[in-house]
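Paired with chain B in one complex and with chain C in the other, chain A is shared by the two complexes that follow.
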Partner chain A sequence: MSASAFLSRFDAARAVLPGDASLREAAAGVLRARGLPGPREEAWRYTRLRPLSEADYAMPVPGREVSLPASVAALDAPRLVFVDGTYRADLSVPPSKAVLRTGVPAMGPLARPESERLVALNTMLAADGAELSVAAGVDAGTVVLVSLGGEGVAFHPRHAVHLARGAKLTLIEICAGEGRYLHNPVTSITVEAGAILTHLRLQDEGIEAIHLSTIYADVAEGGTYDSFALTIGARLARMEVHARLGGTAAMAHLNAAQLLGGVQHADFTTVVTHDAPATQSRQTVKNVLTGRSHGVFQGKIEVSRIAQKTDGYQMNQALLLSPDAEINCKPQLEIYADDVKCSHGATVGALDADQYFYLRSRGVPAAEARAILVRAFLAEALDPIAHEAGRALLENAVAGWWERHPA
Partner chain B sequence: MAVVAETLDTVNAATEGGYKWGFSTEIEMDLAPKGLNEDIIRLISSRKNEPEWLLEWRLKSYEAWLKMEEPDWAMLKHPPIDYQDLHYYAAPKKKAGPKSLDEVDPELLRTYEKLGIPLRERAILAGVEGAEDERPQVAMDAVFDSVSVATTFKSTLAKSGVIFCPISEAVQEHPELVRKYLGSVVPAGDNYFAALNSAVFTDGSFVFIPKGVRCPMELSTYFRINARNTGQFERTLIIAEDGAYVSYLEGCTAPQRDENQLHAAVVELVAFDDAQIKYSTVQNWYPGDAEGRGGIYNFVTKRAACRGARSKVSWTQVETGSAITWKYPSCILQGDDSVGEFYSVAVTTNFQQADTGTKMIHLGKRTKSTIVSKGISAGRSNNTYRGLVRIMPKADGARNFTQCDSLLIGDQCGAHTVPYIESRNPTAKLEHEATTSKIADDQLFYCRQRGLSEEDAVNLIVNGFCKEVLKELPMEFAVEAQKLLAVSLEGSVG
Partner chain C sequence: MLEIKGLRAGIETKEILKGIDLVVPDGEVHAIMGPNGSGKSTLSYVLSGREGYEVTAGEATFDGQDLLSIEPEARAALGLFLAFQYPVELPGVNNAVFLRTALNAQRRSRGEPELDAVQFLKLARAEVKRLSMADDMLKRNVNVGFSGGEKKRNEVLQMAILRPKLAILDETDSGLDIDALKIVADGVNALRGPNFSALVITHYQRLLDHIVPDRVHVLSAGRIVRSGGPELAHQLEAEGYASVSEAA
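Here is the complex of A and B:
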């Protein structure tokens, strides 16, 4: 769908969309003027939205029958279930230690629809979302946020998560579904002083689906935004994270793994802005690519003039398991303060032949040897996940990936 | 931070006293009228007595340029360039082409003497520098504004079959070679500045090393922009046939002026089977003053085609000059087992901006590339490394190693790194490392404790930081480069 097709959907639905109409009109103006992102734009150099322009999506009809995936049902925690972008109280278990509001898009304070066009698209068409707040000093435990998509629809949920001073929350986000659909969520995350948000994401959308998500996170003094995202689903995916470390000693971890096969294309794009002294960021991003898949990593660390004593680290590694797989990465540093320690590294290669030979010579079957080596390759990103149930969920997803893409 | 007055003094010393190449020479010039149009191109072509095909090529390039837009992706800010406010041709007036150096305007020779560039072979041969100083012989081509004024050691080189002459002369004497290779690596419409250069280039060096010949001495070109309101558009073409070897050096300076001057050069290198080209640059165009006034806008396209198996091209550059540097010396590694190298030191101070790096395109099997880039930012400058490593599907066993380190001196400057890493072959192996830091306090303390002044300590540390690159330079150049680093950074520590 082109921007104008989305705009005409908006014209038809304008009257029934809830929330602030002026925000939507402004976002529509951005799309009207500039359209969807194209390949000539630097930020979209490696990711083409062609599958999106070729598709045609309807507005979702609420209330359809769905069953929760077993992995979701197995998690013993409060859960918020969205089907085709609409909150479903019948499938959800609301949290007791966090305040939840649904029914209207949670616009949040951080999104920039004027610069990110997909965020403009979301702002224009968002119909629902979760607004989750944790009060000062409260440990809200774990909350699971589930999105299930279905055939032929586009949905643009808008979430906001707010952790007040010293609060704690683990948010496990699972995206799944079946058929051709577009999931275009935007989440605004504010972490106040000393608060800690752990954000574990599993993107396991249907293999024909398109997943385009944008997260804005703002971390105040001494706060932590600790995230890990695993991408295994979707035909075309882009996860964009804009994290700003706005208070002294704020910290962000943006770790990710992308496991791709077939004709999948996935893009993990991050911008970390160090905007206060002594802030720290860590990014470990791993790509495992087989078939004709295409992995993209774009990571930018910006250090502003006042952010002295910044410590920024970024590591991007890719394993190419087939002759037709492709990786593109662009790790970027933009530094305006002098007393900093920033580094990035990137490596691209195949499985180590010696290691593979070692395992084979000890009788490990070929497929298993590869699986062991890939798991070891992912260890650096997966192992630091302290949340046990969350890690088990991600480990299972990694194990399941092999069944989809046998060597 | 030292006393303000003292800092000011050192800054003054660094800018006014520091750029010792800032003088200008009063020479009677033959200037084309300002502006760019087909007539100017025809004028340049006729002044150079060029064949019809070259004029056609220029006009086609001009047509392409008109349709192109100035690139804006680099991290550079400058007011729009008025391409109509430039002289596209400036040459020292002379009656006929000089037959020997004695016929060259003495004022010009003095200019080169002031620059420390020996144009007189006899002076070098006589060993004026002292008998114990066994300096290797260097053949020199000196380009003054739009024309080449002198080329030394031509006959010595000719004995071994090496052609080293101004490209305008090559057009007359070796038209078949020029026609075959000109634009074969950087096509006329490659990019905005290359298209402009193709339309209006005035001179530059031409080097041809025939099969199996190892060039008996280092070749060097010295570029000098002198006239006011001129652009310099030189074009260099180097061809190394099978098994040939050449080391080529390039140096550049310009007078100190308030307005910005444009320099848009194109350099093309072609290396065949087993050939090796070593290309070293010390770029020291006038960088502008402490307030950011004046300085050269340096938009350069440099590219090497490693066409033959086992061919090798290495680019080494020390970039200390120019208000703006936009430069990405690249290697297209076509031949199997060909090797590309890029070693760079880029220093920016005051209001200088540099966006520089390389491209390594791996096409052939087992091709190898090494990139070592050291960026040093001081004052209010911005220094960006921008590099691309691309592995194409057929480049089995390709290998790349990239290291880019940035050093920040002072809290008003910026250091940026923008690498692009693209692989489409699972047997290729790529490694990339980048770091950004300031001069470590403990290193500084160690040196100060041993009685070095702060400035000397910083020089020592910076030289150490750049050592990996400086050691790639031919010896004489390395010494000059080290001095240049020291001069560039003078006054930026306080």
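Here is the complex of A and C:
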């Protein structure tokens, strides 16, 4: 669908969409003027939205019957379930230690529809979302945010997460579904002083689906935004994360793994802004690519003049399991302070033949040997995940990946 | 029984093994000695199925089964084990998990029930103790940060747990201290019996004092130039390879 097709959907629906109409009109104006991102734009050089422009999506019909993935029940935690972008109280178990509001898009304070067009698209058409707040000093435990998509629809949920001073939360996000659909969520995250948000994401959308998500995270003094995103689903995916470290010693971990096969394309794009002294960012991004899949990592670290003693680290590694798989990596450093430590690195390689032979010489069959070496490649990213149930969820997804892409 | 006949093999650009004939009957331990670069490791790799070598002539069978046409894991399942001259590090792979995966893969292929984590650890801990290895060896990543001698001991640990029918030990004694040499030799001797045979590649008589071989072969420039009893190793130690090569 083109921008104008989305705009005419908006024209038909604007009367019934809840929330602030002026934000929507402004976002529509951005799309009308500039359209959807195209390959001539620097930020979209490696990721073409062509499958999106070729698709045609309807507005979701609420209330359809779905069954929750078994992995959700296994987490045994409060859960917020969205089906085709609409909150479903009948499938959800609200948290007791966090305040939840649903029914309207949670616009949040951080989004920039004027610079990110997919955010403009979301702002224009968002119909629902979760607003989750944890009060000062409260440890709200774990909350699971589930999105299930179905055939032929586009949905643009808008979420906001707020952790007050010293609060704690683990948010586990699972995106799944079946059929051709577009999931275009935007999440605004604010972490106040000393608060810790752990954000584990499993992007396991249907194999024909498109996943385009944008996260804005703002971390105050001594706060931590610790995230890990595993991408295994969708035909076309882009996860964009904008993290701003706005208080002294604030910290962000934007770790990710992309396991792709067939003709999948996935893009992990980050912009980390160090905007206060002694802030720290860590990004370890691992790609395992087979078939004719294509992985992209674009990571930008910006260090403002006042952000002395910044410590920024970025590493992108790719394991190419087939000669037709492809990886693009674009690190970018923009540093205006003089006393900083920033580093980035990238490696691309195939399976190590000596390691592979060593395993097989011990009787481990070829497929299992490959799985062991891929798991080992991911160890650095997966092992530090302290949340046991969350790590188990991701481990299972990695283990099951082989069944989809037998070598 | 391992039977090698007229085996010629090499890499793309050159022939390394130039016609090897060798028979190792069940229950016997044979030593292979020979100068650096003579092809000892190449022989062990070709037998265990490492990629990159081309076999141009001859054959190798184990218990009558052709080895050269089957995958490395199938050779392991038949009971072949290679203790590597340079053991490979596997960052991110836990040693205990590695060993259990290997053991269970072999058991599966032989139609035997797999061991669960508890059963396996009991077995593994006993072997670790017998080989006087540090307890944390099982918890560490395979060979990562191991000292040279620890890596060699880890090879012997794998052998003790996998209980092969035919073990090829490629310079397992190199880098071992005197006590470790004895422990490793004891580990091999413990397996000796009518259903176990071994090909022990070494440069030193010292190992053969502990693992007394039934036969000693000298490999030189890709050929076995001399075979004899244990006394041959003593002669080599005293006189060097020149004496036997000329005699051949």
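Criterion: the second predicted complex is superposed on the first by the 407 of 407 C-alpha atoms of A that agree within 3 Å, B and C clash if a C-alpha of one lies under 4 Å from a C-alpha of the other, contacts with A are read in each partner's own complex, and residues count from 1 in each chain.
Everything below uses one rule, namely that contacts are C-beta pairs under 8 Å (C-beta built on N, C-alpha and C of every residue); 3 or more make two chains touch, one makes a residue touch a chain.
Given the structure is predicted, the values throughout are model-derived calculations rather than measurements.
Chemist: Does chain B (first) or chain C (second) touch A:Ala376, or do both, or does neither?
Modeler: In the superposition, A:Ala376 touches chain C alone.
Chemist: When the two structures are overlaid on chain A, which partner does A:Gln308 contact: first (chain B), second (chain C), both, or neither?
Modeler: first
Chemist: Would you mind checking which one, chain B or chain C, touches more residues on chain A?
Modeler: Ranking chain B and chain C by residues of chain A touched puts B first.
Chemist: Is A:Leu49 touching the first partner chain B, the second partner chain C, both, or neither of them?
Modeler: After superposition on chain A, A:Leu49 lies in contact with neither partner.
Chemist: Of the two partner chains, chain B (first) and chain C (second), which one does A:Ser361 touch, if any: first, second, both, or neither?
Modeler: A:Ser361 sits against chain C, while chain B stays out of touch.
Chemist: Where on chain A do the contacts from chain B and from chain C line up?
Modeler: The answer is that chain A has no such residue.
Chemist: Would you mind writing out the residues of chain C in touch with chain A in their complex?
Modeler: Within the complex, chain C contacts chain A at residues 48-52, 71-73, 75-77, 81-82, 84, 87-93, 98, 101-103, 105-106, 109, 158, 162.
Chemist: Would you tell me which residues of chain A are touching chain C in their complex?
Modeler: 353-355, 357-366, 368-369, 372-373, 375-380
Chemist: Which of the residues in chain A come into contact with chain B in the complex?
Modeler: Checking each residue of chain A against chain B gives 42, 305, 308, 318, 320-350.
Chemist: Using the touch definition from the top, list the residues of chain B that touch chain A in their complex.
Modeler: Against chain A, chain B makes touches at 73, 75, 391, 393, 406, 408-438.
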